[in-house]
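Handing you a structure now.
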Amino acid sequence: MKNSKQPAVPLPEKPAFICLHKVGFAHCDPAGIVFYPRYFEMVNATVEEWFEARLGFGFARIHGAMEAAVPTASINVDFMQPSRLGEVLHFHLYVTRLGRSSLDVHIRAGGGDAAADAPLTAATTRFQMNATLVFTKKGVTGSAPWPDDLRAALEREITKQDQHDT
Amino acid sequence: MKNSKQPAVPLPEKPAFICLHKVGFAHCDPAGIVFYPRYFEMVNATVEEWFEARLGFGFARIHGAMEAAVPTASINVDFMQPSRLGEVLHFHLYVTRLGRSSLDVHIRAGGGDAAADAPLTAATTRFQMNATLVFTKKGVTGSAPWPDDLRAALEREITKQDQHDT
Amino acid sequence: MKNSKQPAVPLPEKPAFICLHKVGFAHCDPAGIVFYPRYFEMVNATVEEWFEARLGFGFARIHGAMEAAVPTASINVDFMQPSRLGEVLHFHLYVTRLGRSSLDVHIRAGGGDAAADAPLTAATTRFQMNATLVFTKKGVTGSAPWPDDLRAALEREITKQDQHDT
Amino acid sequence: MKNSKQPAVPLPEKPAFICLHKVGFAHCDPAGIVFYPRYFEMVNATVEEWFEARLGFGFARIHGAMEAAVPTASINVDFMQPSRLGEVLHFHLYVTRLGRSSLDVHIRAGGGDAAADAPLTAATTRFQMNATLVFTKKGVTGSAPWPDDLRAALEREITKQDQHDT
C-alpha cells in the first residue's frame, strides 16, 4: 500500500454525506478489480445524490431550470487498495472549503465489514481524493457565484459536519 | 479558465508519445461536453497504446503471459477547458520519472486546429495531469520491480524525449 | 412511440424480481436522455442483483469459486420512450424459459409515479427486451448445464412468479 | 457457438461502411472478454463515423445546428463468440431498409487475421445485429422525415453497396 502524496487537508469532525455503491460486473477490469474511471462515475453519483438529497438541488434541476452546471475543475487522488466484484463501498464526503463560486470536497471510499458510517482507516480505505467543483452558468464564460439558496444549503452542510454528536 | 494547482514538473523537450482520440457521443454529458470519467478511459487507452506500439508490451501480454498489471496509484489533474462532440483531441504523454517499480507520466490533451504534434498551449489545453503507475505481479502484495526488458524499453523512451530534433 | 417488433412472449403472472435504477448524469447523452448502452449496464446490474439476492449465487462467487460465467447470448429490445436525468426506473424481470444450459428472461423498465411493483403499461414502459443467458464453465467450449443447486433456485423463481397473490 | 435466432435479412453485395475498433482494457470484464454494453458503444461510434465520413452529417451538426437526433428504436443481436483484449475488430455496416423517417442497418463485427474488408464468416463473426434508427427533431413528438439532403446521402450508400466491383 502506498503512502498518500496528497497535501494534508484538515478534515471536519464527520462527513457531510455518506453514500453506498456496490461494485458490479460493469465496474471491474480483467484483473477482477474496479477499473479506476468507474470510481469517478461513483464519485459523480455521490455528489449528485448529495446535491439532491441534502442540498435540495438535483442535477436535473441544475442542468434544466437553472441552466447551470457543477463541473469538476481539479482532482487529486490516491488509489490505496483495490476493490473487488460484489463489495459494497462506503463513500464519505466532506466539504473542506466553500468559495465564492467553487467548492472543495474530500471524498474517501472504504470497504470491509465496518458500518457505513465508521471512520475509514488506512486499512479499509480504497482511495481518497480532493476535488474542486465550480458553479457555472450556461452562456457565461468561467465560473459564476453560487446562488444564495444553494450557498445557504452548502453552509448548513459545513456547520453540520463540525457538530459533535452529543 | 483556471490556473493549475499542480506542482510544476519540469517537462522533457518533447512527448514520448502522441495519441489521438475523437470525442464521440458516448463521451458527452447532457451539457454536450466530455464527462470527465471518459477522459480517463482515453488516458488509459493512450497508455495502453504507448505500451503496445512503442514499448512492445501490449496489455494482453502483460495481463496474460506475464501475469502482471500496471495499475494507476495516483492522479493529479486540472481540467482547464471543456471538449465538445466531434473534436479530435491530441494526447501528449511525457515520462517524468522512472522508479524501481513505478513510473510518473505527465499527460496533457489539447484540441483545436494545430497539428497533433504542435506544443499544447494554455489556449489549447483541455486538461493536464500527472499520474503514477506501478508494476504489480499477480499473487504478490504491493508493487514489483519493472522486468529488465520493460525497464530498458522505458529508458529508451526517456532518452528519446530529451533529444533535440536537429 | 413505436410498436414493438418483438415476438410476443407470454409473460407470467408477476415478475420474479424488481430492481430500481436511478438515472444519473453518467447515463445521459447530449440530448439529456439515457444513452442506450447505459441501459444494458442497468440490465446487467439487475440480473446480477437477482442472482445474488434471490438465487443466492453472486457474480463474485460464479466468476470466482465456481469458475463459471453467465454471458448474454442474444438480445431483442425495443426502446419505446426516452428516460431522463433524475428519474427512478423500475426494472421488472420475468423468467420465460429455463433450458438445460440457458435461460430466457424478459426485462422491461418503466418510469413515472406508479409504485415500483405496479404493472408497466404502454404509457410507462421505456424499453422491453427478451434476452437469452447461458451458463459457461472456464476452459469448456460452449455452454454447460446449470449446476443442480442453481437450477433448483431458478425453478423456484419460475414457480413463484406464477403464483397468484391471494 | 450458438445459431442465430435473428430473422434472416437479405444482405447487399458489400457493406456500406467498414470501421475498426480495437478492444481495450476499458471494454473488458473480469472474464477478460468484451463486456457486451461496450460493444454497443463501438456500434454507436461506427454509426457516428459513418454519418460523418460518408454521409457528411456529423453528430455534432445533427445535435447542434439541425436540432435533431438519430436514436435507436430497436435492436436484435446475437453474440456468437467472445472478443479479447488487444484484438482489432472489423465492424461491417449494411443498410437494409430506408423508410420515411427510419433506417434499418445490419452490423456484424469480426476478428481474426483476415483483411478488414474480407467477408465475415461464421468462424470469425463475434456478433451480428439488426437495428432500426429513427430521425427525430427537437420539440417534435415521435419521428420526423429524413431531410432531403440526408435522405439523398443515404440513398447513395444503398446504391453503392449493391454495385459489383467490376
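Think of it as A, B, C and D in the order they're written, each chain with its own count starting at 1.
The rule is simple: a contact is a pair of C-beta atoms (placed from the backbone, for glycine too) under 8 Å apart; a residue touches a chain by one contact, two chains touch by 3 or more.
On a predicted model such as this, the values are computed, not experimentally measured, just so you know.
Enquirer: Just grab the chain with the largest centre-to-centre distance to subunit D, centres being mean Cα coordinates.
Expert: Comparing chain centres, A lies farthest from subunit D.
Enquirer: Have a look at B-C versus C-D and report the one with more C-beta pairs in contact.
Expert: Answer to which pair has more contacts is C-D.
Enquirer: Of the pairs A-C, B-C or A-B, which has an interface that repeats that of A-D (more than half of the contact pairs shared)?
Expert: Equivalent chain pair to A-D in A-C, B-C or A-B: B-C.
Enquirer: Could you put a whole-Å number on the gap between the CA centroids of subunit C and subunit D?
Expert: 25
Enquirer: Could you give the separation in Å between the centres of subunit B and subunit D, each centre being the mean of its C-alpha atoms?
Expert: Averaging C-alpha atoms per chain gives centres 30 Å apart.
Enquirer: Rounded to a whole Å, what is the gap between the Cα centroids of subunit B and subunit C?
Expert: About 37 Å separates the centre of subunit B from that of subunit C.
Enquirer: Mind pulling the residue numbers of subunit A that touch at least two other chains?
Expert: Within subunit A, residues 25-26, 30-32, 35, 37, 41, 44, 63, 85 contact more than one other chain.
Enquirer: Enumerate the contact residues on subunit B facing subunit D in the complex.
Expert: It is residues 24-26, 32, 41, 44-45, 48, 52, 58-61, 63-64, 84-86 of subunit B that touch subunit D.
Enquirer: Spell out the part of subunit C that touches subunit D in their complex, as residue ranges.
Expert: So the residues of subunit C touching subunit D come out as 1-2, 4-6, 30-31, 33, 35-38, 40-41, 44, 63, 69, 71-79, 82, 132, 134, 142.
Enquirer: Using the touch definition up top, name the residues of subunit D that touch subunit A in the complex.
Expert: Its residues touching subunit A are 25-26, 28-32, 35, 37, 85.
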